[in-house]
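Here come two complexes built around chain A, the first alongside chain B, the second alongside chain C.
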Partner chain A sequence: MRNVGIIGVGYTPVFVSKRKDVNIPEMISEAVDAAFRNTKLTPDDIDAITFGNMQTFEGVNMPHLWAADHMRALDKPYMRIATGGTTGMSTLHSAYYHVASGLHDVVMAITWEKQSEGDSQVGLSGIVMPEAMVMVQHGMDLFGGKGMGAMGGGSTGAAAYQAMSYLHHSGADPEHIDKMAALERSNAALNPYAHLRKKTTVADIQATPFVSWPLRFGHTCPTSDGATVAIVASEEMVEKLADSVAWINGVGCATSDPATVNFIEGQITDPAEQEPARMASSKAYAMAGIKDPSKEIDMAEMYNGFAHQSLMWLEKLGLCKEGEAHKMLDAGALNIDGELPTNASGGVFSTNAIGASAMNRPTECALQIMRKIEGGHQIPKKIKNAVSHGWGGMFQYVTVTVLGDEPRHGQG
Partner chain B sequence: MTFEMGEETREVQGTWDISTYKYLIDGAGMKLLVDSMKEKKIRGIKCPQCETVYVPGPTFCRKCYIDIDEVVEIGETGVVMSYAVEMADVRGNPLEEFRLTAMIKLDGADTWIIGTISGMDWHDARIGMRVKAFWVDEPVGSLADIDRFEAI
Partner chain C sequence: MSAQQERIVATAVVPLDFTYNYRVGQYVERYIKGLGQKKIMGVKCPGDASVIVPPRKYCGRCNEIMNEWVEVGPEGTIENFTIAHVNLNKGVVEKADTEYIVALVKLDGATSLLPAKVLGVSPVDVEVGMRVKAVFKDPVEDSLEDLSHFEPAG
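Right after this comes the complex of A and B.
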């Protein structure tokens, strides 16, 4: 396989609750234009395009095709990816495969969501509709909270089971979730491409109501409008076209059986076990020649719809031992100037244009490596290796991308 | 880079009519489960190879990828694997009465079901706590035949 690097990133000028001044293709094309501007490339330099967002969230189908001209995709190979919460990173992985395989040299990966135009709860409901229909038809009062099968309050409810299991097994306290939430929101305040940009204290978080114990409103992500584009290139084209690069040194993805709302066929997996995270990250580390991620990884961008997840993923991705993440938080190791800066961007927890959310993790790593961060959240130390992570599906699908300042390879 | 919001575009309301989709509802072990609940029993399916017991049972083992059909009876007691306390509904409106719901592994099963736990202060809930199912007086072969779980 060939070496592949990210040579440029484009964001919409803002990530906010409602972009009422532009429609969907207009909004996405802002990020496409920004990627061209930042790389000084033109559409003629692009060999193929990958495109990702959630199905049905905006009440539209096949947006990649009706927006093809806005994507500068006319006359090019063009593929849509939709893997749920991981869509953004799967779209990047697809672009990586296009180039690593030798079939294409320069590929643009486009990811977005414009949640204000749709209804995310309905979009999520579509995923569990067959399950919900079975339960309702067999006598279950889904939200009434009686007997067997109650759903537990939407996606936050299911995440609450995960959070409780994580707290129990790690020994962390609910206050650690408050603390992680405050850290990430304060990081987001420094990031011009974050949505919720307010310096936040633990007391601010603790003033928000509980949605489903142990999760508060202040532990949950917003719904955002925004788009992110990355351009990836082969080593040869990096030398020709780019003034800076972050290498994609390892990729991995894995699934388990559904770890939430899997009533029809019997759920068998703890939502906090997340074995796919171990499998995907082991594969990506091996590819990137990383033997001990807890020593060799310099920064982490974790996919966290909920604030407890940043801590949980650090353990699942081998960046610390089980039960150690909250101690690293207490010691300041996860701060922007700490030993393992985690979600310096503010994470999904502060900005969630879902289709772009798992893309913003590796693009943040790439810009940190290139030292091209806008705003105040540039990590001061040199980043040799970074790990980014995506999560979604039925709590059971994980993607991992390891990026580096140099091409590095192992046995993977 | 500075950004100024432009004028707002106009928008209209639209809906998707999803009422014509069809969902099959008796798949896998659902019928086995609700039929057994009519007798105040809980039945699942066991894999002969890895001995995993699924409730409700699928038609194949998800670990061995072989077809399975051995019906086994499961206990009505079990252990809380995780729990949550609903304090707001699915749209975020606060609930007047909090609801303690748990992921419960019934004795004899390897899978987890979700159940509502009644009769205790949620502050006292613990992972690892043992619970028992309580049935409605006249079961009809429905998931609602289990009225609630209580700590034992």
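Right after this comes the complex of A and C.
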């Protein structure tokens, strides 16, 4: 298997609630143009393209073909990837497979969402349908006044059970969720590509109303319009084309029980179990030659639609022991200048163009490794190894990418 | 944004209104017929003895077909819960008139969880481990809604 590196990243100039000034292909093309600008490559340098966004959200079933010319994709191998919340990272993994396999040398991965043009809650319903309807109809009216009632308010409600379980097992207090939320929002204030960019205090978070206990409005992610593009290349082409690189040294993905939102009806009864996170990260660490992630990983970008999740994932991905993440938060270890900077970008929690959300995790790691961060959230210490994570599907699918400043040596 | 810019911003409104008709499948069909007799039916895995409610065909862990039907409940234990402060009405979040409890209930004899509304207990009093029992509609009408909600047992 060949070594593969990210040699450039392109973002739309902003991630915001509504990009009314452009249509979908125009918006995505801004990120494609930025990737070309940042790498000084041209469409002729690209061998193949992968393209990803959420199923259903904009109601466009073949957006990649609608946007083919805007993507500079004509006459090239071109495929769409859709795996739910993980789509962004699955799209990057697909580009990685294209190159690692030896079939292509330089591949562009394009990810985006324009949530303002669709109906994301109907989109989410479409993901858990039709199984959820069986559950939700127990005394509840799915599309009437109590819509998604069993979930207590869309995905926030479903995540509330997970937050309850996390708090119970970890010994963390609800205040730790407030504190993580304030930290990430304040990080986002430094990131020009973040959506909610306001320095935020714990008191600000605690002033927001509850959605589903223990989750408040201030614990939930926004819906954003925006796109992210990464260009990956083989080791040989990195030497020819790139002035900087972050190596994709390990990839992993795994699914667990497909039962509705992962903890209803199936064998899993703990919504915070998230065994696929352990499976996917173990695979990615092994590929990357990482033996003890808690010592060898220098930064983490966790997929966190909800503020408790960054803490939960740090534990599930072996970056600390169970029950330790909130103590690291208290000790300042998760700050940008801490021991394990976590979501220096502000996370999904601050910016959620959902098809791009699981891509923005590895692109943030790549830019941190290359020291090409724009804005004020460059991690001061040298980043040798970084881990990025995506979470989605029907709550049970996890992707992990380990990036490094040097390529893998000697592994199969 | 200037008035001139405002004029060039147009939206193509596409009011698609689809209705899908999903078959619930053989397993949930039989489950609904059980509810019509005020019985909650699950299936047991021959591999790891999991009892899954509502029933489904395969045990993903054992790759076995589950075909032994067992009656579970009607009592069970609250394993997890949330207190919903909002309703979601066709994508629009609305503040609920009153906060309400939605719990994940482990029915006696089952290994899986069933989400359901719990009535008859205040949100400040609900707790994990609380015993509850299923309340059926009367008369039943052979529908999922026959299992109306749960309330404290005993």
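What we mean here is this: the second predicted complex is superposed on the first by the 377 of 412 C-alpha atoms of A that agree within 3 Å, B and C clash if a C-alpha of one lies under 4 Å from a C-alpha of the other, contacts with A are read in each partner's own complex, and residues count from 1 in each chain.
Everything that follows uses one rule, which is that a residue touches a chain if its C-beta (ideal position, glycine included) is under 8 Å from a C-beta of that chain, and two chains touch if they have at least 3 such contacts.
Quick caveat, the model's predicted, so the values are computed rather than measured.
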Which superposed partner A:Ala254 touches (first chain B, second chain C, both, neither): neither
First (chain B), second (chain C), both or neither touched by A:Val211: both
Contacts of A:Val14 with chain B and chain C, given as first, second, both or neither: first
Contacts of A:Ala288 with chain B and chain C, given as first, second, both or neither: neither
Contacts of A:Val4 with chain B and chain C, given as first, second, both or neither: neither
Partner chain(s) touched by A:Met370 [first = chain B, second = chain C, both, neither]: neither
First (chain B), second (chain C), both or neither touched by A:Gln267: both
Residues of chain A that lie at the interface with chain B and also at the interface with chain C: 20-21, 59, 121, 129-130, 133-135, 137-140, 143, 145-154, 157, 160-161, 164-165, 168, 209-213, 257, 263-267, 271
Chain B-touching residues of chain A, taken from the complex the two chains share: 13-14, 20-23, 56, 59, 117, 121, 129-130, 133-135, 137-141, 143, 145-154, 157, 160-165, 168, 192, 209-215, 217, 257, 263-268, 270-272, 374
Chain A contact footprint on chain C (complex, rising order): 5, 9, 11, 14, 16, 20, 22, 24, 28, 48, 50, 52-54, 56, 59-61, 79-91, 93-94, 102, 104, 106, 111-117, 123, 128, 143-145, 147-149
Chain A-touching residues of chain B, taken from the complex the two chains share: 1, 3, 5-9, 11, 14, 16, 21, 23-25, 27-30, 34, 44, 52, 54-58, 62, 81-92, 94, 98-99, 101, 103, 109-116, 122, 127, 133, 140, 142-148
Residues of chain A that touch chain C when the two form their complex: 20-21, 59, 119-122, 129-130, 133-140, 143-154, 157, 160-161, 164-165, 168, 209-213, 256-259, 263-267, 269, 271
